[in-house]
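The next part holds the structures, each set out as structure tokens.
There are two complexes below, and they share chain A, which is joined by chain B in the first and by chain C in the second.
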Partner chain A sequence: MIEEKFDAIVVGAGMAGNAATLTLAQRGLKVLQLERGEYSGSKNVQGAILYADMLEKLVPDFREDAPLERHLVEQRFWMMDDNSHVGLHYRSEEFNEEKPNRYTIIRAQFDKWFSSKVKEAGATVLCETTVTELIQDAYGRVIGVRTDRAGGQIHADVVVLAEGVNGLLGTRAELRPRPKPENVALAVKEMHFLPRETIEARFNLKGDEGVVIEAAGTISRGMTGMGFIYANKECVSLGIGCLVSDFQKTGETPYGLLERFKSHPSVAPLIEGSEVKEYAAHLIPEGGFKAIPQLYGEGWVVVGDAAQLNNAIHREGSNLAMTSGRIAAEAIFQIKSRREPMTAKNLALYKAMLDESFVMKDMKKYKDMPALMHINSQNFFLTYPQLVSKAMQNFVRVDGTPKVEKEKRSLRAFVEARSWLGLFGDAFRIARAWR
Partner chain B sequence: MSDPSVRVEDKLFYNRYLVDAGRAHIKVRPHTVPTAPLLSMLKLCPARCYEMNEAGQVEVTVDGCVECGTCRVVAEPSGDIEWTYPRGGYGVLFKFG
Partner chain C sequence: MHIVVCIKQVPDSAQIRVHPVTNTIMRQGVPTIINPYDLFALEAALALRDQHGGEVTVLTMGPPSAADSLRKALTFGADRAVLLTDRFFAGADTLATTYALATAIRKIGETFGAPDLVFTGKQTIDGDTAQVGPGVAKRLGLLQLTYVAKISALDLDNKTIEAERRSEGGVQILQTRLPCLITMLEATNEIRRGGMADALRAARAEVVTWSAKDAGVEDITKCGLRGSPTIVKRVFAPQARAEKATMVDFSDTPPADALIAELFKRQPKLETELATLARGY
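Presenting the complex of A and B:
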């Protein structure tokens, strides 16, 4: 039993929890972090891409000792049908800069490092401890947590819920609803090990350069979903995810999709001969701005994936997690400095500060995207990729057909599949949701 | 249509686990006829923890669970399952994540 009372308890040691704990400890608060895994990272799953800017705000010189894989010099978007992909690739020498902007990372290793910074800053980190319940007083104020350790009641002025997309505490205490099947994607991922030189040759890389491939199309069988391939130093992270509600409707299996993605003619040569060393699955918040729950209350705040903070369009989650964790900690520090209590009224400062940051501005910008993509998934993830592929083949295949006739044929295919009204409607809806 | 050649057991073999014997963190409510959410878990669970027994009831074996929470989202609202986290330190131990 831990008798002492803490200024703050942080539940979870992922990106949001580590950012929050680090910031609180750096500001001199007495903070306890609880993590159910054997170490920070042991239960955490991500693609994964790290965004330097958000980490620099927490650990300015992170490049000196953080376990980074490759800095990204190239981004590939693939629109796939069963036999082909139409690609948009962006590669720039400017990404070979002194302080690169994005890196691939391996979460179990990165989080362990991040956690070491948290401990250095003076936080108490207790792993292998599952928080089972929030302790609330007669007025419903959160005053601490109960854990699965003997006599495991611990009190604090404020509890930071960084418990991840599948966090149970907030839901059990009815502070926020359980995620709905239409607001979360289930992603499965494998780690494919290959010699470093092989990865560099296959992905056209030198040294520590890295590349990311994001793929959409018939690989998701008409469901709202995406595949990804990230090059690490000596392994390739490869996975695919789709909305849980779409899986329910179609009866597709996640591992079936993964196998089909791996055997696609554009993908198979990249991982040929690899040794798989892990298979993971994870939920990703996809509900966007409209699915964000209440972010604060009497004695608590919620950050990161637990708060559904994920930008599905830009595939950004960990940076929103880190930033929301840091901002929540800064708000708590400000309230503490004024010697005021951790009431909902005071903790509203966290929401106000988050609203002013890129986190909520980006979430708001794409507030209509989930509805559009999720409701019209057949068009965007099946029909259009097939049409675009056919049009491209029509464009490049030389067979004696006059070009005018070829263009007419491509256009006709689009109109027949979606009608003029459908095509203009889709274009209009995308433009409006993107705005 | 799922690919019959996929062997999920082989995939789980790559992973590390510390099984908390006798303390399953997911429990299926006893039933005679499984509900739609429970039936959907037969295909949806990425670790294929859900299986149908000879009596036509859905059972869960959590040893290979990767703790994604999909069944919690799908089958907890209807009361078909009870979902808690494994005790601290137990369950899947990701090497890479």
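Presenting the complex of A and C:
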């Protein structure tokens, strides 16, 4: 056992863990961060989009040396059926600003940089060290961690669990339940390498401009899920994910979905001739507000994916992770400054501060969305995309049919597929869940 | 007892790429590791220290980022790390490298106590010369044992060491006097996983960093590119081997017959030659 005691131990070096450790170290606390990977980022998987605002709060001048890929100037939403897509594209020159708002990043590189900032701030960062168990005293208070290294018990006043979506520590210690299959998505992605000029030509970009494509429809075979395509400097990050419970129900395979997505006529030309260098899979918390577990207890707090903090509708996860990590650290710092113990009663401050932030406000706004998407997945991911695609084709194809007749035909298709009641019901439910 | 272990930070060969046009190794963005051969040297040194007491100092020459490899060595349990870094060292061949390392080892001796043993790996995976260990020994006037598989005995009172050295056709058991330099053979031990105390110490340790001047280098022209008579004339990627494995079907015929039939099919002359030969007996 290590005699030395820390003010805080942070488990995990992803976005939430790094944000928490950095903030704790910046506030002068004696903090130890433990990460099972060889370095921060070696095990972390994300698309990935970085949101500048939340990082600025931690590292104000991050643009100077962080490994950023491209800043986003264009967002495309695609509703896909098997041969077509109906798209909504938004592109603005205003995104070519001095301090852009969103960037594509490669997590392995970005997290390494983030970790270097954590070390500079004075935290002790230990990689290749897996925390196997939380040490609890006779009253169930968390007082430290046990690791897989010899003599690896270390004590701390508080343990910050930033262990990721499927974190086993908290679930094993029964601080929170294991995420349910209907509350997590399994996403797979590939990195397709292409020359810079090719990417810029195919995606209509210049310099460091970037684009994001988010796609839904028949590509998920009726399951609740989405595909994505992100343009990086010299590679295209492409993936698709669906709810684990849907995979269980349908027997579909993640790699099967990915292959179909890649061979879709709208996607294939974008990655033609590329070299695949990386294949990764990851779970994403999708349960929303209602799946958020207890966030604090005696001697512990939970942040980021482990706390299921992910806004599935806006595809925001890493910024909620960074923000929850930062807020947890601020709360711990406040308690510490008052020389008070890290009890559940005191650590409730973290939850209170989180409730006041955009994190919980956004989570709450979409609290009914996961259930709606889940129950009606067939309609939202199969029926509607096909209907919309047919209607679009009907609209643009010139074949001598009178326009009035065309419109009637399109409308009839919708009513036949979903009935008036179903259509109004879906519209009403979406409106209510969005409100 | 004081043991110095020389290690090198090398690009992870499993993740390396060769530039298709220039044929040079693309080091950019390739993760680095401790030369795998050096880990056998480090473990041998740590095991001796655990048995006989003393200290292990790891030494490397490289860019400032090589401190990562040193820190890793500390995690395994080394007591001290010295980084030799200076732009004058850049572009060194084995002659210049051994000059710099030997000078630094002398300085380590003056600063932290004279080493009884110096360990290196058999060779590196990027240079593959196996010259640096023996070169350092020569410059320091140390006795040397190369390709050592096992240290079988160490007598600190009488200053002797006994080692098993693998050589062509067998194993030599050799005894020599200390101080000496040993280059360790691969697959002779397994690097330990450092305990929490070592890991914590390593995470916070200051790596001793020396410039050429700090290390006591007197003749800068013997360092780096200037001190390297080796000239790289051309770099090229080797041709892929033409041979390919063939699957032979054993379902109908016994394996030996099937293999011989396959051989004869590919070398029709062989069958007639063998038949002629057989007729002679």
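Quick note on the criterion: the second predicted complex is superposed on the first by the 434 of 435 C-alpha atoms of A that agree within 3 Å, B and C clash if a C-alpha of one lies under 4 Å from a C-alpha of the other, contacts with A are read in each partner's own complex, and residues count from 1 in each chain.
Keep in mind that, in the parts below, contacts are C-beta pairs under 8 Å (C-beta built on N, C-alpha and C of every residue); 3 or more make two chains touch, one makes a residue touch a chain.
Everything numeric in this text was worked out from a predicted model, so none of it was measured.
Participant: In the superposed arrangement, does A:228 touch chain B (first), chain C (second), both or neither?
Facilitator: The answer is neither, since A:228 touches no partner chain.
Participant: May I ask you to decide whether A:333 touches chain B, chain C, both, or neither, giving the answer as first, second, both or neither?
Facilitator: The answer is neither, since A:333 touches no partner chain.
Participant: Using the superposition on chain A described above, determine whether A:114 touches chain B (first), chain C (second), both, or neither.
Facilitator: Touch partners of A:114: none, neither chain B nor chain C.
Participant: Figure out whether A:289 sits in contact with chain B (first) or chain C (second), or with both, or with neither.
Facilitator: So A:289 meets neither chain B nor chain C here.
Participant: Of the partners chain B and chain C, which touch A:248 in the superposed model: first, second, both, neither?
Facilitator: A:248 sits against chain B, while chain C stays out of touch.
Participant: Would you check which partner chain A:151 touches, where first means chain B only, second means chain C only, and both and neither mean what they say?
Facilitator: second
Participant: Counting residues of chain A touched by each partner, does chain B or chain C come out ahead?
Facilitator: B
Participant: Tell me which partner A:414 touches in the superposition: chain B (first), chain C (second), both or neither.
Facilitator: In the superposition, A:414 contacts neither chain B nor chain C.
Participant: With both complexes overlaid on chain A, does A:125 touch chain B (first), chain C (second), both or neither?
Facilitator: Touch status of A:125: second partner only.
Participant: Same chain A residues contacting chain B and chain C, which ones?
Facilitator: In chain A, positions 128-129, 147, 149 sit in both the chain B and chain C interfaces.
Participant: Taking the complex as given, what residues does chain B use to touch chain A?
Facilitator: Residue positions touching the partner: 1-3, 5-6, 8, 11-12, 14-15, 18, 40, 43-44, 46-48, 66-70, 72-74, 76-77, 83-89, 91-97.
Participant: Going by the contact rule set out above, which residues of chain C touch chain A in the complex?
Facilitator: Answer in residue numbers: 75, 193-197, 199-200, 203-204.
Participant: If we count contacts the way the header does, which residues on chain A are in touch with chain C in the complex?
Facilitator: Within the complex, chain A touches chain C at residues 2, 4, 32, 124-126, 128-129, 147, 149-154.
Participant: Of all residues in chain A, which touch chain B in the complex?
Facilitator: That would be residues 36-38, 41-46, 48, 106-109, 111, 127-130, 132, 147-149, 165-166, 168, 178-181, 184, 186, 188, 190-191, 235, 244, 247-248, 251-256, 259-260, 276-283 of chain A.
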